[in-house]
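Letters A, B and C mark the chains as written, and numbering starts fresh at 1 in each.
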Amino acid sequence: MKSFRKELWFETKTRREFVHITDQVQRAVHDSGVREGLCLVNAMHITASVFINDNERGLHGDYEHWLEKLAPHAPTEQYRHNDSGEDNADAHMKRQIMGREVVVAITEGELDLGPWESIFYGEFDGRRRKRALIKIIGE
Amino acid sequence: MKSFRKELWFETKTRREFVHITDQVQRAVHDSGVREGLCLVNAMHITASVFINDNERGLHGDYEHWLEKLAPHAPTEQYRHNDSGEDNADAHMKRQIMGREVVVAITEGELDLGPWESIFYGEFDGRRRKRALIKIIGE
Amino acid sequence: MKSFRKELWFETKTRREFVHITDQVQRAVHDSGVREGLCLVNAMHITASVFINDNERGLHGDYEHWLEKLAPHAPTEQYRHNDSGEDNADAHMKRQIMGREVVVAITEGELDLGPWESIFYGEFDGRRRKRALIKIIGE
């Protein structure tokens, strides 16, 4: 069994942002030498997500608007988590809806994705250095 | 290490539908010959889910109603994704709540599920041929 | 390839509760002898979650309040699932938002978690014996 580990680092300019990372994950799969296996990609921070959906700008705006409706940032005093001086309680909720991680099959040395599946790092409390983890196991 | 791959194909008659696939996944586990390992099952489309919950018709109706409340289909013009001529932005959201994938343990050659755990393909934009992926690794 | 299986049992005193299980999962990783691999932790019940987020009491109260807003327990008659005499339809929904499972990388014999990542069992219909599954594969 082979295993491979790589961190991806991000520092978004805005509080919320979706970063397309399919190519970086695919490169890690190639670097791992794994032909058949599983590839885990997870946010290492609890106010961010890794998810798979469409690489379409309109949809990303819709997500932004929709998540804000389901878990509004303001007023920040509505959340007890923010009593400690934080203002990111909403980000902890948005991340639960979008998910922490994806597990993707590796087949014949490639990510085994459907035609429209793209992998994203979803940032909900950015403007600082944060990272995602890629872990690959297989043969 | 063994690995096994199989696609399940669906063409639902209605836009939204939950298809019970536990037996098909269990059959794939048997076909794989894996006794100890992990079984990934994921939608290969970004307007569909694979999830685990109750095989109970009343609950499925409740999900339908609840998801429609959290991410309404209409009016379709509320979503920028639909500006391109699509009408399925809501399906991209429903799928995030229900999740893309499940990872299930394989123990002694069987899916290691709790007593009420059933695996479903959740369709949110059907009436066309779509698929899920089963990938099994282990020994 | 090595594999390891362990069940964690819970009986919460209240209907809803978050139980911190990172240490128990870490111990299972040590017991497995796996140095490089993947660790799946999933609820074996469909009204409970395993998720990763902050070990912060204020946030947990926020989650409780937020989930109750997105999927209210009462009035219980609003859900067809409850027609069968159950009163836990809302728990099946809360669990979908928080997720069934997490998959965590194992690197050099330890859970490969970010600095604030903590693993929780999320109970939404407790006061009875229920369990989560830990399944580890690797080398």
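To be clear about the criterion, a contact is a pair of C-beta atoms (placed from the backbone, for glycine too) under 8 Å apart; a residue touches a chain by one contact, two chains touch by 3 or more.
The shown structure was predicted, so the numbers you read here are calculated from the model rather than taken from an experiment.
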- Is the contact between copies chain A and chain C built from the same residues on both sides or from different ones, judged by whether over half of the numbers are shared? different
- Message: Give me the C-alpha superposition rotation for chain A onto chain B, in degrees, nearest 5.
- Response: 120
- Compute the distance, rounded to whole Å, between the mean C-alpha positions of chain A and chain C. 20
- Where does chain A touch two or more other chains at once, residue-wise? 1, 38, 70, 97, 99, 103, 137
- Query: For the complex, which residues does chain C have touching chain B?
  - Reply: 1, 3, 5, 38, 40, 42-46, 70-71, 79-84, 89, 92-93, 95-97, 99-101, 103, 131, 133, 135, 137
- Query: Which of the residues in chain C come into contact with chain A in the complex?
  - Reply: 1, 36-38, 51-54, 56-59, 61-63, 66, 70, 97-99, 102-105, 107, 112-117, 137-139
